[in-house]
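Each in C-alpha cells, the structures are laid out below.
Two complexes follow with chain A in common, the first pairing it with chain B and the second with chain C.
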Partner chain A sequence: MLAPRVAIALPEVKPFEFRNPVRARHVIVLLFVLAFPWFATPFLTFQIGGQALVLGLIALSLTFLGGYGGMVSLAQMTVAGIAGYSFAILGPPASADAAGISLGAPWWVAVIGAIAIAVLSAVFIGWLSVRTEGIYTIMITLAVGVAFYYLCLQNYSIFNGFQGFQRIQAPTVFGIHWKQPLPFYYLALFWALAGYLFVKYLLRAPFGIALQGIRDNPRRMNALGFNVTAHRIAAYAVAGTIAAVGGVLFAWYNGLITPGSVGTSWMINILIIAVLGGMSHPVGPFLGAIVFVLLQTFAIDVVDRERFNLVIGGVFLAIVLFSPDGLLGWWARIKSRFLLVNRGGVR
Partner chain B sequence: MRKRWKIFWALVIGVPIAAFVAWGLWDNARLFVLTLLNGLTLSSLYFIVAAGFTLVFGLMRNVNLAHGSLYLLGGYIGFFVAQKTGFFTLALAAGFLGAAAVGLLMQVTVFRFMPGQELRQTMVTIALSIIIADLLMWSVGATVHQMDAPEWLAGPLRDIPLIKAYSKYRLTLLPIGIAIGVALWLFLNRTRVGMMIRAGVDDRAMLSAAGVNVNLIFAVTFAIGAGLAGLGGVIGAVELSMVPGEDVRLLLASLIVVIVGGMGSVTGAAVGAIILGVAETYGLAYAPTYSVVFTFVILALVLAFRPRGILGRPA
Partner chain C sequence: MKQGKRTFVRSMVGVAVATAFAGASLAQSGQPVKIGLLATLEGPFAAGGADGMRGAELAIKQKNGMAGGRKIELIKASSDAKPDVAVNATRKLVEQDKVDIMVGPLSGGEGIAVKEYSKTQPNITFINGSSGAQATTLVNPSPNFFRFNTEGAQWMVGLGKAALDKGYKRVMLISEDYAFPYSQVQGFMSEYCRLGGKVPVKAWVPLGGKDYASVIARIPKDVDALLVILGGADAVNFLNQYEAAGGDKPIVGGSITVSQDILNYKGKRRDSLVGTIAGAPIADAYDHPDFKAFVADYQKNYPVSAGGYPSPSLFALVYYINMKAALDGLDAVKGDLSGGQAKYREALAKMTLKTPVGDVKLDANRQAIGTTFITEVVKDAKGNLFNRVLRKVDGVDQLLGMKKEDFKMGSRDEPNCP
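Up next, the complex of A and B:
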C-alpha cells in the first residue's frame, strides 16, 4: 500500500498536461540530437553520441534516486552491470570459452530476463540500504557494489572470472545490426529520451511528489500516513529499471562485460557524471555524460592516457568544492548574473 | 520474550557454526586451525585499519572513502623507509606519521570549510581517493611491492603442536592488534583528549559550547584515524602486498567492519573485524570462488536484523 490510508487533499496534479510550454530551446536541442549523426563522423556518432546517451541514462537513475529521493546510491552501475551480465548469461553464446555458461535464449527473452533480474537486485539493494538513512546509504551501496565486483572477479562458474564475457552481440532485428553507429545512436537516443520523459512525468505524478516530500522530511510524510520505506524501495525499483536498460545498452556498446565494467572506478564514474551535470534536473546527467565522454576521449591527447583518472578526479574535486550543483548550478549562476547586468543596462 | 529471542538467535547462529567447527576439525584439523590463525591475523590488520575509519566517522560523521588510499600511501612510505634505513620500526612510524600528515592536511584545508555537509565531504573524499590512487600509481608504478619481514620476525616458528610451523610475523600481528586496541581504549577512556572525543561523538554542539576547540579535536582525531590506516598499510605491506587495487580491498573491509560492528564504536570495529576476517579466510579456504558471498550474507543479515550494526547505537 503506497497511498496513505487516511484521505488527504493532495495537490491537484494533472501529469499529462504540460506545465511548461514547449520552448524554442527544446525544439533546437531535439532537432540537433536527431540530426547529429548526419553531419558527424561515425566515430563521433558512436563513441561520443552513443556512449554519452547510454552513460547519461545510467546516471539518470542516480539523479532520480539521489536528487529526488535523497538516496545517493553508488550501486547503480552494479545494477546496470547485473543487467549486462544477465544478458550475457541468458542470451546467445557470447564467446567460445564462455559457451558453457551462456544459455542461448533468443535476444528478446534475454533482454526481458536481464531487466527483470536487475530490477529484483535493485529492490534487494534498496531493501538493504533503506533500513538506515543519509550517509549510511552511500557506505552500504558502495560495500554491496564492491562485493559484487569481487564476486564477478573470483567466480568462474557463473561470471567467468577475470575474463568476463568478451563477445556480446547486439541483436540483428528488422535486418539492422544494432551495433552499427547509426542504428545504435538512434536506439540509445530513443531510450534516453524515453527515460528522460518518464522521469519528468513521474516527478509530477503523485508518487514523485510524495518521494520528494520524503526526501525533504521523512518524519512528516510518515505522520501524514505515507509508507516511507515502501516509497523508497519503489524508487529503487524505478531507478533500477532505468539503470538496467542502460546496462544492457552499455554491454552492447562495449561488446563485452568484465569485472572491470562493475568495478569501483565505473561505480564512481556514474556518480561523477551525475554530480558533474547537476542533480536538480533530469537533463543534468546527460550534460554530465557529454562532458565526461569528451574528457575521456580528448583529454588523452593533452595528458598521458594513463593520467585520465587524475584529470577526472581533479574535475570532480573542483565541481564538488566550487559548484556543488554541477553544470546546472553553474548555468543558473551565470544566467542570474547576466540578467542582473541586463537589468542594470535598462536603467 | 527477549530471553527467548536471545536463545533463538543463539541457536540459529550457533548450531551451524558448531556443526561447521566439528566437521572442520574431524575432516582436517590442521587446515582448520591454520585457517583460524590466518583469519585472526587478518582480523588484526582489518581492525587496525577500520578502527581509524570508525573513529573519524563516529566523531565527525565523515565517511572517509579515501581511507583505503591512505592505507596504500602508508604502505608505500613504510616500504621505502625500510628499504633505505633497514629498520622495520622506523617504517611503522613513518607510515603512521606520513598518512597522519596527509589526513591532517585534508582536514585543515578542506573539511573544516564544509562542516555538517556530510554528503559533500564524502564526495570530496571520493575525488581525493581517485587522485591519491593515481598519484601513487604514477610515482611508484603498478608493480607489486612486497616488503620483507624484519629479520627477528622472519621465518616460521617451529614445534607448535598440530600445525607444526607458523609464520612468526603473522603470529606477532595478534598481540599488535590487541595492543593497538588496548591503547585506543586507554586513549579514549583515560585521557583528556579522549574524553573530549567521546563527548564530541555524543554531542558536538554541546562540546563546542563548553569551550572546547572542536576544530583542534577534529584535526587530532582525523590525524589519528588516517595514521592508523597508514600503520595498517605498513603491516599489510608485509602480510599481503602493495599493488594498486589493494586500497579498494581495504576500503571494502573497513566499510563492512564498521557496518557489521556498529558505526563509530571501536569495540564494534574489533567485533566486526574478527567476524569479517575469520569468515573471509574460511571462505577462501573451503569455497574459494564464493568466499565474497559469505561476506555479503553477513552484511545482509546484520543490516536486516540490526541496521545499526551489532554494537551500534542510534545516532
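Up next, the complex of A and C:
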C-alpha cells in the first residue's frame, strides 16, 4: 500500500500545460490508437486493445480518486460490477436460467439505468468512507466490495447466485453488433478518450483544483470555506460515473457477469493497474492496463505453465520497485535523462 | 519451452510484422494439428486442473504424439475456474495461437461460457475438458461443442435405488449452492423420489464454507441418512464437525465427496465412512482390464514422485477421455480438417469412443451417453479405506431416461419430495 501514498504526495502538473495541450506525442499516440485495428488481428484488437481500454477506464476512476482526491478506494470494481449487474437485470433476457430476472428493457434504458444505479452506489460508498483516511478508506471500501461479492454469490432472486448472468448481449445499433472486435474497440476507445479528456478537464476546473487542495491539506481547505466532505463525495460520484461506463463495457466485453467478476481478485487487479501505470497523470491507468493485459495473456508462453504467475508478479514487482510512480515515473526519468527536459511534474 | 518462447517473441515484439502472416491458414494436411488445452492451474481447482492436463497429455503420449498421420502440437492455457478468465484464455488459443481443436475447460460455469464463445468460431471444434454443468449441452447447445464425458446428474444415476436398497427411506440434503451440485442432487433425487424416497430438508451451503454448526443443528432425528454433496475441503470440514457433534447417520455421497483424498482424512471415527455409497464416472477399484491398463499407464508416466496421484483422479480420466476423442476423430478422418472441419465433426458425432470405463456415444446435442459407477466405501486388510464398485450402470443419457417433456433441469427447488 506504499506506492499510492507516494504517488499522492507528488507535486502537481503545471497549469501552463492546459494552455498548450496538444503536442507531437499526443498526435502520434492518437493516430496509433485509431489505426491500431487496421494492422492488428481481431484478437489483438479485441482482447488486448479493447480489454485494456475498458480496464484502463475503470482504473482511471481509481486514479482520479486516489491520485487527485487522495482516497484509495478498492470498491471501484464493485461500482463497475454494480453497473454490469444492473445492465443484466434491467436489460434484455441475459440467460435462459435467469429469464425470470431480467426485466427486458431496451438496451439504452438499461444502460442509463445501470449507470444511474452505479453512481448512486458510488455516492453511498463515498458517503460511508469519506470520513476515514488512508488505510481505513482502503479497509472500508474493501469491506463494501466483499459484502457485495457475497451478496451476488448468495442472492438468487436478483443476482442469480453463483452462476450470475451468462449471456449478456451487447446491443446492435445502426446495424452494427457492438461486440464485434472492430466496433467494440472503437466504442471502448471513444469512452476511454472521453473519460481521459473529462478527467483532464476536470482537474483544471475549480472543482478539480479544490479537490487537489483537499487532498493536500483538508484542514486548510475547510478553513477557507470549502465543504471537504461534499467535495469528496462528489469525487466519488465522478469516479463512479467513469467506473460505471467501464463496467457496462466490461460486461459486454465478457458477455457475462458472475460473482467472480466482482471478487477481491478483480478489485485488487484494478489497484494493480492504477499503481502499475502511475497515479500522477490520467494516462497512467491506460498504460498500466496495457501491460497488465499483455502479461495476463502472454506470460504463459514465456515460462513453464505452472510458473507463469511468477512472471506476472515479477514484472509488477520490478516496475513498482524501480519506480514508485509506475510506468509514468519511468517515462519521466527517460525524458529527463535523454531529452534534458525536467518539467518537475513527475520525478 | 522453446516453442512457448518463440510464440511469445512473435507476439510481443513482431506484432506488426507477424500479424500479416498469422492470418494465413495452417490447416493443410502434413502440417501439425494444433490442439489447445485449457484447465485450471490457478484457483480452487488448481490440483485437479494439473491432473486433468496429465490425463490429456497421456492420451497424446499413448499415440506417440501423432493422430491421423499428422503430428500433434499441444498449446496449453490456464484459468482459475472463473468463466471470464476461461473465455479469455480460450480466445487467445483460438484467435492468437490459431489452434484447430480446443479441449477444455474444467469447471461448470466455464463450460457454459466457452460453449457460448464456440458459437462465434464455427470453423473450430471445441471438445469439453471436465466441466459438468447440465446447461452446457442441454440449453442452447452449440453445433461445434462436443462433450464426451457424462455430467453431474448422470454421475448419480442408480444411487437413489442403491440408497433405498440400504433402507434409507428419508434423507436430508446438505449441498454446496451452485450449478454442479444442483445437477448431482437432481440425478439422485429424480430416481430416489420416483421410487418413494423422501427428502424433507434441503440445506444449501456456500462453496468454501467453514462452519457447518447451523446445518448440523438442523438435521432432523427421523432421517435415515445424509446426502452430502460437498467437495474437497468442504467435505472434510463437514465430516469433522459432524463427528465432533456426535453425529452417527450414514452418508450418501456426491461424485467428489468420497474421493480418495477425503477417505484418507484423519478423523477418529473415519471408520464410520465405511458403507458410504456414492455415484461417480470413475471407481478406483474397477477391475476391468482396460481401466487397469489406464491406471498402470498413468502411474508409469506420472509417478507420485513426479507429482502424480497414487491413482488417476476423476479429472485425469475425464480429460483423457475427451482428448482421446479428439485424437480418435482425427484418425477417423485421416487428419483431414478441411472445409471448416465439417468431416471431422461428423466423425466425432458418429463415433463410438472406447474409454477405460466403457464405450461412449453422443446424443443429438453432442453430449455423452456413458457409464456410471455406484461405489461403496470398504476397508481393506491394511485398514485403508477405498471405493468398491457396487454396481455399474451403462448407457446413462442426459435426460436420465426421462422423456424430454418431463425433464426439468436441476435447481434448488427441482426435484422436490419432502
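Assume the second predicted complex is superposed on the first by the 299 of 347 C-alpha atoms of A that agree within 3 Å, B and C clash if a C-alpha of one lies under 4 Å from a C-alpha of the other, contacts with A are read in each partner's own complex, and residues count from 1 in each chain.
The working rule: a residue touches a chain if its C-beta (ideal position, glycine included) is under 8 Å from a C-beta of that chain, and two chains touch if they have at least 3 such contacts.
Note that the structure is predicted; figures quoted are calculated from it, not measured.
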After the superposition on A, what does A:314 contact: first (chain B), second (chain C), both or neither?
first
With both complexes superposed on chain A, which partner does A:154 reach: first (chain B), second (chain C), both or neither?
both
Figure out whether A:298 sits in contact with chain B (first) or chain C (second), or with both, or with neither.
second
Check the residue A:132 against both partner chains and state whether it touches chain B (first), chain C (second), both, or neither.
first
A:43 in the overlay: touching chain B, chain C, both, or neither? Say first, second, both or neither.
second
In the overlay, answer first, second, both or neither for which of chain B and chain C A:146 touches.
first
Residue overlap on chain A between the chain B contact set and the chain C contact set?
150, 154, 156, 265, 306, 309
Residue numbers on chain A that touch chain B, as the complex places them:
72, 128-129, 131-132, 134-136, 138-140, 142-144, 146-147, 150-151, 154-157, 263-265, 268, 271, 275, 306-307, 309-310, 312-314, 316-317, 320-321, 324
Report the residues of chain B in contact with chain A in the complex, numbered from low to high.
61, 63, 65, 110, 118-120, 122-124, 126-128, 130-131, 133-135, 137-138, 248, 251-252, 255-256, 258-259, 263, 288-293, 295-296, 299-300, 303-304, 307-308
For the complex, give me every residue of chain A touching chain C.
39-44, 46-47, 51, 96-97, 150, 153-154, 156, 161-163, 166-167, 254-256, 258, 260-261, 265, 294, 296-298, 300-306, 308-309
State the interface residues of chain C toward chain A in the complex, per the touch definition above.
1, 4-5, 7-8, 11-12, 15-16, 19, 22-23, 41-42, 50, 53, 76-78, 80-85, 87-88, 91-92, 95-96, 109, 112-113, 116-117, 135, 139-140, 177-179, 206-207, 409, 411-412
